[in-house]
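Below: one structure, written as structure tokens.
Order of writing sets the chain letters: A, B, C, D, E and F. Residues in each chain are counted from 1.
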Amino acid sequence: MDTIEIIRGNLLSPLVLAFVLGIVATLIRSEVEIPEPIIKAISVYLLFSIGLNGGVELAGTTFSEFLLPALVTIALAIAVPTWCYLILRGPGRFDIPNAAGIAAHYGSVSSVTFVAGISFIERLPDGQNTFEAFIPALAALMEWGIIVALFIGRWRMGATQSQNSELGRVIRDTLTGRSVVLLLGGLLIGVIIGEQGFARIKPLYGDLFRGVLVFFLIEMGMLAGRQLRDFVKVGPFMAVFGTVMPLIHGIVGVSLGLLAGLSPNGAFILGAITASASYIDAPAAVRATFPQANPSVYLTSSLGITLPMNLIIGLPLYYEYARWLSAALGRM
Amino acid sequence: MKLTTVRLVTIIAEPVLKDRLLHEIHACGAQGYTISEVHGEGTRGIHAGQWQGGGNVKIETLVSSDVADRIMNAMANHYFPNYAVIAYISDVQVMRGDKFV
Amino acid sequence: MDTIEIIRGNLLSPLVLAFVLGIVATLIRSEVEIPEPIIKAISVYLLFSIGLNGGVELAGTTFSEFLLPALVTIALAIAVPTWCYLILRGPGRFDIPNAAGIAAHYGSVSSVTFVAGISFIERLPDGQNTFEAFIPALAALMEWGIIVALFIGRWRMGATQSQNSELGRVIRDTLTGRSVVLLLGGLLIGVIIGEQGFARIKPLYGDLFRGVLVFFLIEMGMLAGRQLRDFVKVGPFMAVFGTVMPLIHGIVGVSLGLLAGLSPNGAFILGAITASASYIDAPAAVRATFPQANPSVYLTSSLGITLPMNLIIGLPLYYEYARWLSAALGRM
Amino acid sequence: MKLTTVRLVTIIAEPVLKDRLLHEIHACGAQGYTISEVHGEGTRGIHAGQWQGGGNVKIETLVSSDVADRIMNAMANHYFPNYAVIAYISDVQVMRGDKFV
Amino acid sequence: MKLTTVRLVTIIAEPVLKDRLLHEIHACGAQGYTISEVHGEGTRGIHAGQWQGGGNVKIETLVSSDVADRIMNAMANHYFPNYAVIAYISDVQVMRGDKFV
Amino acid sequence: MDTIEIIRGNLLSPLVLAFVLGIVATLIRSEVEIPEPIIKAISVYLLFSIGLNGGVELAGTTFSEFLLPALVTIALAIAVPTWCYLILRGPGRFDIPNAAGIAAHYGSVSSVTFVAGISFIERLPDGQNTFEAFIPALAALMEWGIIVALFIGRWRMGATQSQNSELGRVIRDTLTGRSVVLLLGGLLIGVIIGEQGFARIKPLYGDLFRGVLVFFLIEMGMLAGRQLRDFVKVGPFMAVFGTVMPLIHGIVGVSLGLLAGLSPNGAFILGAITASASYIDAPAAVRATFPQANPSVYLTSSLGITLPMNLIIGLPLYYEYARWLSAALGRM
């Protein structure tokens, strides 16, 4: 009942409504267009803001608080793509490149889902809307999932020299990728400038955040809408995979997060990260390493199925689960 | 005015290939290139750049006949099978042909 | 005297000054450039904001309050292009395609004039700066004027089958056009999220609105400036038409608005919408349906003559007239 | 390396025509196309897209000789009279000619 | 369908030259032009537009053979020595040849 | 000690940190990308904001207060390029076009350094963070330095007719250039609308200013980073010139500013303007007038050396010097 309330609250939040507006606009073939440079700039802004806000709060966090969640995140970045790969190869009957390619998507992070998860928390009443300041660093660590998946694929295929050099390039690109640099760079700057330095730039990086995210989600909805049309093409297996796996990953992420000592809110965000499927960094990396893999499959499932699923019902579910499990553990 | 004929090789490819193709044509002997952002559709379905606005890159390079052949061969061997990419050659006339060979 | 004060106040508002700066920059051939993607994104933002703000206020409005103004707006969307067409064919001596093309422009809505009208009201002191929340829906209805004009033209010409299919496409495009989707989508989202949901995105969609509009008007000024140069080309008839017709439409729109029960402010905005001439949707639709019509004429008159006229002297006039007529009616 | 000659048809048109032209060339038998955003000036005055930055679209399509003729005829009949549009053909060499015919 | 052959002159230059080149080709007799934004690299090092994204402009103009020669000569005399610019000519076929001469 | 504190404070300001983030991102070849249209729009915004804010404050300034600083600025716009030219020709052994070209850069204004200087002041505690409202007009005057340098070059070379017509075009372009139009246009609009008119657009042009500047500086850092790589190519002379000349110009600018009656803060900003080297208007003007001059030299030195130097250590130094000299003069 309470859960239903939370799901309803999420469904009727400006974020999800904007996302749905975007989907609808695409389905009725309306010509609402948010130009690509704007979208690129907004994603830089969102990631940098999240880093900054985290950094400002970070003061006082000890390394030991961070250590366990970081290890858990690394474990997830190894385990999730691996087990996705196995499922896709086994029951999924995909060949190696496709299995590794899809695993790379589900093993890494969708910035939109991540940002929406943070915004989900910030929407809560005061006192219930805080989470660990180092969360952006966890999101950066989770990007490693891409590398793990590609590595598995390469290894199973017996890669040639030239393909390995391509993999080397992908590893470098992932480590210096946009999200990683902006999240960690923002975090560091936030730590250095502190509350006081942040105050003067807060109108942009704090007050506007949610409004900009709503704007961004109109475009994300249009993107997802375009993929939705290809829904049928991915086949029943991927339709189920794209809906069920994120739910499982979300549950696992939340659980491990709580066990690693994260607050319920922090564990919720870790769950959202784990559940999310990348749709920017992973496609580029997979295309470069496994050109044989079919982009229709991994793009349609991550953008057309998993992204809407996570935004619309995933987030409130992970949140409720985090609260429930935390209460249950507290009672133990 | 003396004009000489050189080859204009045009490659249209998904953006993920950009750096590799530039490297490739350079290795084949091209002295320069010009890139533009285009988008398009062909016989292959969606590719990874497509959701980013269907973008492709168009690479044009003026080269000697030999280099053009080398580029076309490299395209056929390394890129045609797996990527959304096309390439074509035409003859154009330039003034200082030695700049491009 | 009071009217002159209002005109002066409008002339010296940041909006009109920014517009004039844009015109001046173009006339001295300065290279101030606001790139196209920015302008596109800003117009999405402006329309969506207006929809949102309207939606948030809409709670409590009954359908019966909306009905009469909506009917009046539909009547205007039919009458204005029709009578423009007749004038252009008669005294104007234009051929059918040109007459219908120009009528499509004057029969529909310029988003800039609409947004500037709303901003005109919001600038007023508290207590005098409210208007009916459903106004964005009226603007969306008025877009139908394009279809009416094109329909008249097609009918008078005896259209071929293929041309009719083109008209079908234009009708669909108008109904699912950017302005309609953003205004109505924003309105709906605003209704759903209410005051409370809006509070967190207000820094973007409320506080920044006017500043962004000023920025936008610099570019609009440059656009109008470029058309102003072609002023002479449109000939004396269109120069008079482009100046006088909006004034008449403004007066008519305000009057009918008041009679339909709108507040003076609401009637003023309806007047501004009626007076305005489209310069985005109409040109595209006309070009697609009547390629024979000369774009110099309809673009120069709507952008180079009517837009500046409305922004600079039209708005304060319609406002004063709305106040005067409302007082006069009140006295009846 | 076997190269075959195909036709490259280039159309430069005001943006309002984009969807219709793509439909047209497809109906004439083209298997693909590449679009870029350009702007320009010709003998016709202002056109409806011009205030949006003077933009035109350039559509390029590699086709067989027959298809090229069909496209040029369609252009001449339906578009040249009323729209700001030009079209031209050149010969280019490709590797897998059957992809384009 | 009657096609006539005209010349397509393509100029790729740093953006600072844009207005001057348009003026130049007009003075040589061109009736129109099409511009696109490109970027590239050649034998010359950095140029003043390069930090703005390495941008160049590509100017294409369909002209008669005479005008093409005049443009190439103007390029060789006024621009090749000091600027990052290349130019080349090819033959293309159009329908209404008189539009371009 | 105090100076070191100020330098440290500047180094750890969000502005400089964002700039450094941009440099680092470039050096590790990360793909953070802020698209060009965004950057163009932001620079329009920054210049217009500065003009506006100046204009709003301008009320009450008498022409006589402005006169002396304006004359000093004009003197600097003549003297700085001249003496740069002489040094570059003499010890620098550059030929005429290169000497004039480089002089044009150092004789005019870098908007980033100017804006960062203003932001440096606004960061100070209340009561110490004001400066003369007409400062934007001084920056616009200083743009004339480009013309002076090009004029010297032309004169020494014995220009042909056609080259003179090119110079004419450059003069016109400089006078109607983007920065000049936006600074002066903003100033004028600010004067007209006053505090009251500004209040409603302040959320955009006031509150957001610093945050947007931080965003902008990420890109400026990437730009500088790309030039840094070419550092070695410019040779030892330019490396010294690019570091030392700005310091001298900063000192001279501050000193003359104080003598002309500016407040220490105002003199500091004049110093920052004088010290800065243009990297947008000057390159375009030089390329058009002296194509023979080597862009690597002037771009690398102004963007790769002088810009970071000014932002990182120049600004705090000029500020400290302004305070010190003002105190010393006060004691006289």
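Brief remarks follow.
FYI, a residue touches a chain if its C-beta (ideal position, glycine included) is under 8 Å from a C-beta of that chain, and two chains touch if they have at least 3 such contacts.
None of the values given here were measured: they were computed from a predicted structure.
Looking at chain A and chain E, the chains that touch each of them are B, F. When chain centres are defined as mean Cα coordinates, A lies farthest from chain E. Of the two chain pairs considered here, E-F and D-E, the higher C-beta contact count falls to D-E. The chain with its C-alpha centre at the largest distance from the centre of chain C is B. Rounded to a whole number, the gap between the C-alpha centres of chain B and chain F is 41 angstrom. Spacing of chain B relative to chain C, judged by their CA centroids, is 47 angstrom. In this assembly, the C-alpha centroid of chain B lies 20 Å from the C-alpha centroid of chain D. For chain A, residues that reach two or more other chains under the stated contact definition are 35-38, 203, 208. In chain B, the residues touching two or more other chains are 36, 90. Across the whole structure, chains are in contact as follows: A-B, A-C, A-F, B-D, B-E, C-D, C-F, D-E, E-F. On chain B, the positions that touch chain D within their shared complex are 10, 12, 36-43, 56, 58, 69, 72-73, 75-76, 80, 86-90. Chain A contributes residues 35-38, 40-41, 44-45, 48, 172-173, 176-178, 180-182, 185, 188-189, 192-193, 197-198, 200-205, 208 to its touches with chain F in the complex. Chain E meets chain F in the complex at residues 14, 16, 45-53, 82-83.
Chain contact summary for the complex, chain C toward chain F: residues 12-14, 17-18, 21, 24-25, 28-38, 122-123, 203, 207-208, 210-212, 214-215, 218. On the chain A side of its complex with chain B, the touching residues are 36, 223, 226-227, 230, 279, 283-284, 286-288, 291-292, 295-296, 299-300, 303.
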